[in-house]
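A short write-up of the structure that comes next.
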Amino acid sequence: MDLSPYRITTEPYYHPTGHEIALYEHAYAHRLPLMLKGPTGCGKTRFVEHMAWRLGKPLITLACNEDMTAADLVGRYLLDTDGTHWHDGPLTTAVRHGAICYLDEIVEARQDTTVVIHPLTDGRRILPLDKKGEILKAHPDFQLVVSYNPGYQSHGKQLKPSTRQRFAALEFDYPEAAVETDIVAHESGIERSLAARLVDIAHKSRRLRERGLEEGISTRMLIYAGTLIHDGLPPRDSCRMAMTAALTDEPDMAQALEAILDAAF
Amino acid sequence: MDLSPYRITTEPYYHPTGHEIALYEHAYAHRLPLMLKGPTGCGKTRFVEHMAWRLGKPLITLACNEDMTAADLVGRYLLDTDGTHWHDGPLTTAVRHGAICYLDEIVEARQDTTVVIHPLTDGRRILPLDKKGEILKAHPDFQLVVSYNPGYQSHGKQLKPSTRQRFAALEFDYPEAAVETDIVAHESGIERSLAARLVDIAHKSRRLRERGLEEGISTRMLIYAGTLIHDGLPPRDSCRMAMTAALTDEPDMAQALEAILDAAF
Amino acid sequence: MDLSPYRITTEPYYHPTGHEIALYEHAYAHRLPLMLKGPTGCGKTRFVEHMAWRLGKPLITLACNEDMTAADLVGRYLLDTDGTHWHDGPLTTAVRHGAICYLDEIVEARQDTTVVIHPLTDGRRILPLDKKGEILKAHPDFQLVVSYNPGYQSHGKQLKPSTRQRFAALEFDYPEAAVETDIVAHESGIERSLAARLVDIAHKSRRLRERGLEEGISTRMLIYAGTLIHDGLPPRDSCRMAMTAALTDEPDMAQALEAILDAAF
Amino acid sequence: MDLSPYRITTEPYYHPTGHEIALYEHAYAHRLPLMLKGPTGCGKTRFVEHMAWRLGKPLITLACNEDMTAADLVGRYLLDTDGTHWHDGPLTTAVRHGAICYLDEIVEARQDTTVVIHPLTDGRRILPLDKKGEILKAHPDFQLVVSYNPGYQSHGKQLKPSTRQRFAALEFDYPEAAVETDIVAHESGIERSLAARLVDIAHKSRRLRERGLEEGISTRMLIYAGTLIHDGLPPRDSCRMAMTAALTDEPDMAQALEAILDAAF
Amino acid sequence: MDLSPYRITTEPYYHPTGHEIALYEHAYAHRLPLMLKGPTGCGKTRFVEHMAWRLGKPLITLACNEDMTAADLVGRYLLDTDGTHWHDGPLTTAVRHGAICYLDEIVEARQDTTVVIHPLTDGRRILPLDKKGEILKAHPDFQLVVSYNPGYQSHGKQLKPSTRQRFAALEFDYPEAAVETDIVAHESGIERSLAARLVDIAHKSRRLRERGLEEGISTRMLIYAGTLIHDGLPPRDSCRMAMTAALTDEPDMAQALEAILDAAF
Amino acid sequence: MDLSPYRITTEPYYHPTGHEIALYEHAYAHRLPLMLKGPTGCGKTRFVEHMAWRLGKPLITLACNEDMTAADLVGRYLLDTDGTHWHDGPLTTAVRHGAICYLDEIVEARQDTTVVIHPLTDGRRILPLDKKGEILKAHPDFQLVVSYNPGYQSHGKQLKPSTRQRFAALEFDYPEAAVETDIVAHESGIERSLAARLVDIAHKSRRLRERGLEEGISTRMLIYAGTLIHDGLPPRDSCRMAMTAALTDEPDMAQALEAILDAAF
């Protein structure tokens, strides 16, 4: 099995917001299953890519969803002209050959997915392939990482305590203003001063969460806006297109976001 | 793979209502994922066809619905006399060969569809084909465009914030009266003065939304009515058949629409 | 592909109630998608058969239901001893070879069905066969017709505005008394005077809708009753068997219908 | 196709309660679709068997249920060593070769089943085999009969008006006391006087429906009890075992039934 | 077909609580469909095994559940290297070759299962194999027996009256104290006096049903406890482990059960 | 069949909290089905592994979930180039060859799973393989063990009484402070005094259950924290990462946990 497509060969840009790199390294040293908690677009996926690059391990990422079955993770028998043969799923590939397996938005997964990872996340570190009659011991390099956005718990989906308890956790948030300004300037190519104004807009939008906005403007949206401005579009148009138009359909909330833009430009 | 069936060879008629063509070109220059927001029949699909023609890129359109699976988008193994072989889905075709992929009415899709596009809409621009064990890097020409009708959010379906935040957005509405009149006259062949009367009826119907009509008369319906009038049908019959009879089943609302026709002819 | 089984070779009896034949011909001239609205058993299906015969076009009829998939309409790959080959569904057959495709009771269909018809019902007139990688341009003779019973909207199923707006509409109702009398006499063979008494019963039953009867006695039921009377059964027995016994299970409503029969015979 | 397994060669015992045999014959003469309405165990199935024997037509009976698909009725392609071939379902067999098709408890069927019978129950008398591309004209001997228990409508399942209106209907009830006594005596072998006492118990139980019993003791249960008594079991034991023990789990209702037995023996 | 695995060759221990053996024999003599009603663990399954042994008939037992399909009962076509061939399901095996078929917990079955047994439980005694085009007449030895726990009706699942009415019924309960003591002593090997104390605990627990305990301690649990005591475990530990620990999770109820044990030892 | 992958060759560390080892051995001596009740992460899985090692029996563990079918447990026919052949599922393997079968979190299983085990857990000790037509007598070494967390019953899932009553039960809880301290020190390598401080934090967190925390800090989480501390991470960081960050998303509860850490370090 060739894991090279899963190796990250160039350093993914990541600007630390605390000592999360050291904490991850300690967790990886003991192969503790790790949960990354935090809002959308704050950098969790980028962080795990950065850590995979830093540790020199292949990374297999799976976006969880309610239509993904246990077989999609673990594998299945496929019919061939020579009969059926077993096909490892991506989780099994990671367990067998020693990759970091990253289950993005674990809370979206169905129960059969979350239950599959239980024997991988306690002292056993095994993956039973029931249909194949094999008990797979995890490769020493294997680690399981999941991401989780606590802001969605209102949607009725929650992690079961018996799953939560299997993970050490790192909490993420949008970076501090100065750091976020650096990131926006670096990734979009605009001036730091202009980046700071965009970050200020984002901060104001995040405060609207108390008034009912589901999520504020993310770092990723700031980078989109900066890119368009750098490309020559007027800042106001760029901000509306990249930051506020997609964010809400509520007329009141849209007006509040518009007012923030009014104040900024 | 021959993308020529997806190429648009004759210019689709599109009458701009603002500088949306320039905004789209900026977004395409950076391959920003783009969301087109607006009511039914206001020209979003025509716009993306026009832009694909203008940019000279093939366009693969998919109407989202709750019965479409991730495999319908990404592809699957098909059984053949020579065993199974992989068959790229339409999204994969667009990603691999560099088309614009347009997901119409994204909000109707199931979670596994919307989650599939996540790694295509951040810095990674990849499409993991988990079942095939391939991580597909997007072709430089690939862009993802989705459409979204915010007026439907009352039906209980909404885009998750983690999906919304991945898109820059362009907001559409029915064109201004003068522009809409031009369009109706151009497409149906009737006089501008008659087209203006039809547009006036549409405007009055759209105001009925405040009284509970789900959507007003669209530009497309005006063109239907104009076509029938141009063909010799009496205007009143044409308007009832093409504009009001299909629009509602509520007796009150039907009467209100009838009254608008009474006033017009 | 041989469409001859779908050709209607003998004129289906149809008694016009207005100028609906001319309106249909105008709509067909421009291949406008057409919606036939009206109550059960008032003659919508017969009308579209009559028009297909009159226009000399093959007619492919599909009864929509919530278990019909998009593949049932569009087609699928079937496994053969020579491997898989594509099998056009009935909608695709109509689009490719130029039939009128009639989707009966469109509101019963699932979303993936109604979404499939969208690109056939705007300026594009195409049917994308995503699984086959083919974009099928509609044959010049192809027209889409749907039927819709607005009386059922209380059952929670409605057409989405984005679907409604794609259709010109013809409204049907039970024919006027004199016309309905002609139809019943013609189809059952009874005297016109007796037919008039049956039609009078039907009219009284339809007024019960205000008191909660879901639908009144249809023209079809009158023809059944007339047929039994013509065959020698007593009128009262014939009316109970063919008109009232099937119509309701509510004791109050059954008694009201019985009282109407009492008054008639 | 050999329909002989579906032919009824010995006369099924049926005791008419009115002129339902003549009414059925008239309906069959015109092949009117027929609905048999009435409570459980009152003889609807026996009646249709009797009529099939009397008319000398094969009878194909299908018990409707919510897990029966349209393909179960109409047929499907089956995979063989020689590739796929079409396999007529039981409804198609009846339509093609001229049997009476009896859909027992039609209200339990899913929508795709009830919709399938629509074109068989109007002037067309056709069964479109969409997947096979065949439009099957009904054999002249084919008739569709359905049964329906109106007492269940409280369970939330109802026939759609558009289905009801396609049927002439015969209403059934438990036979009158004298007739029911004859039937019980004839089928179980007990004396007429004893049979009369059993029938009296049944009548009292049926009055409990007003107090909440879902259904009273049916004719079939009376025959069971008579059979056990004739076999030497004490009447009280026979009645409890065959008539009351199965009927309810409510302590109050069980006590009321017990009191009826107390009074009888 | 070899039914020998379904034959019971050694007498299953069964202690009658009334004349249920004679009642069963009368029912079997006429092959009346039989329903065994009673609480969990009171001996219904053992009784039917005993009767099958006594009558010298093979017994095919099926535990009903909501995931069991009609095909699981009746049979299906299986694909082979020589094409497809029909495979009788366990119910079909019983009907064809003359076994007693015992459907345990019939109320858990889905509708398609309960409907399948209808033509087997009236005068027809047939099993239509629709997919195979065969109408199977029941073997003279075939009898259908179902079990049913009326205590569960609160879970929203009930037998339809049209199913109930097809069965004669035998009512079961836990045996009287003296009989139950005999059974516990016989099966576990403990002294009769000790067995009597266990039975007394069970009786007290069953009275807790009025206070909300779902079911009291069953005979089977008493035998477990007796077995552990006979094996040398202290009675208190044995009773907690085998009788009370599994029975409830409610702290109040657990305390009440504990108090019963306190009083006993 | 080679069960050696299921044999446990090195003693799993287990610190008894009472005489549960003796109780298990008595239950195993009579092959009583056993239910292990207790909260997440208190050592139930470790205990059953320890007992399998102690008794020298292979152990087949299955994590129950609502997407696991009866066929996943029992087995199925698989298609091969030589036709179909039967493939024993993991439960069948345990029953046929004599392993302990451990169904983890039985309450998560669907009904068809729990019903499958019924004939294995009464006097019959059989597993009917209906699809294969085999009645499998359990190997003398076979025992069924299930785990069950009563704290979850609020999630609407409960074991049916008819399932509960088939098991003897052992109740587990987190170990007493001294024992838990020993375990944490032994498994993580930290000093006993530091381990005691961690255990004290866990005890305080468990008391928060009365204030709404779903579950307190488990022994497993204490070991994670101890491991990180032993590795050089500051205790406070280690405790947040391994013990509190994953446990809750409620701001109030998170603050309460933080206050416990404040008091400890």
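Note that the chains are named A, B, C, D, E and F in the order they appear, and that numbering of residues resets to 1 at the start of each chain.
To be clear about the criterion, a residue touches a chain if its C-beta (ideal position, glycine included) is under 8 Å from a C-beta of that chain, and two chains touch if they have at least 3 such contacts.
Note that the structure is a prediction, hence the values are computed from the model and not measured.
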Exercise. Which chains, if any, touch chain D and chain F both?
Worked result: E
Seminar exercise, completed: Farthest chain from chain B by C-alpha centroid distance is chain E
Seminar exercise, completed: The assertion on chain C/chain E checks that the Cα superposition rotation, as a multiple of 5 degrees, is 120
Problem set entry | Farthest-lying chain, centroid of Cα atoms versus that of chain C | F
For this session: Since chain A and chain F are copies that touch, just let me know if over half of their interface numbering is common to both, same, or not, different.
Result: different
Exercise. Once you find the CA centre of chain A and the CA centre of chain E, what distance in Å lies between them?
Worked result: 51
For this session: Could you give the separation in Å between the centres of chain A and chain B, each centre being the mean of its C-alpha atoms?
Result: 30
Exercise. Between chain B and chain E, what is the gap in Å from one C-alpha centre to the other?
Worked result: 59
For this session: At least two other chains touched by the same residue of chain E: list those residues.
Result: 79, 81-82
For this session: Based on the touch definition given at the start, go ahead and assign the chain network to line, ring, star, complete or other.
Result: ring
Seminar exercise, completed: So, starting at chain C and moving first to chain D, the ring lists as C, D, E, F, A, B
For this session: Could you pull out which chain B residues touch chain A in their complex?
Result: 23, 26-27, 29-30, 32, 35, 37, 69-70, 77, 79, 81-84, 110-112, 115-116, 118-119, 122-124, 128, 130-131, 133-135, 150, 153, 160-162, 164-171
For this session: Flag every residue of chain D that touches chain E in the complex, lowest number first.
Result: 5-6, 12, 40-41, 45-46, 49, 61-68, 72, 78-82, 89-90, 93, 104-105, 108, 149, 152, 214-215, 218, 220-221, 224, 227-228, 231-233, 237, 241-242, 245-247, 249
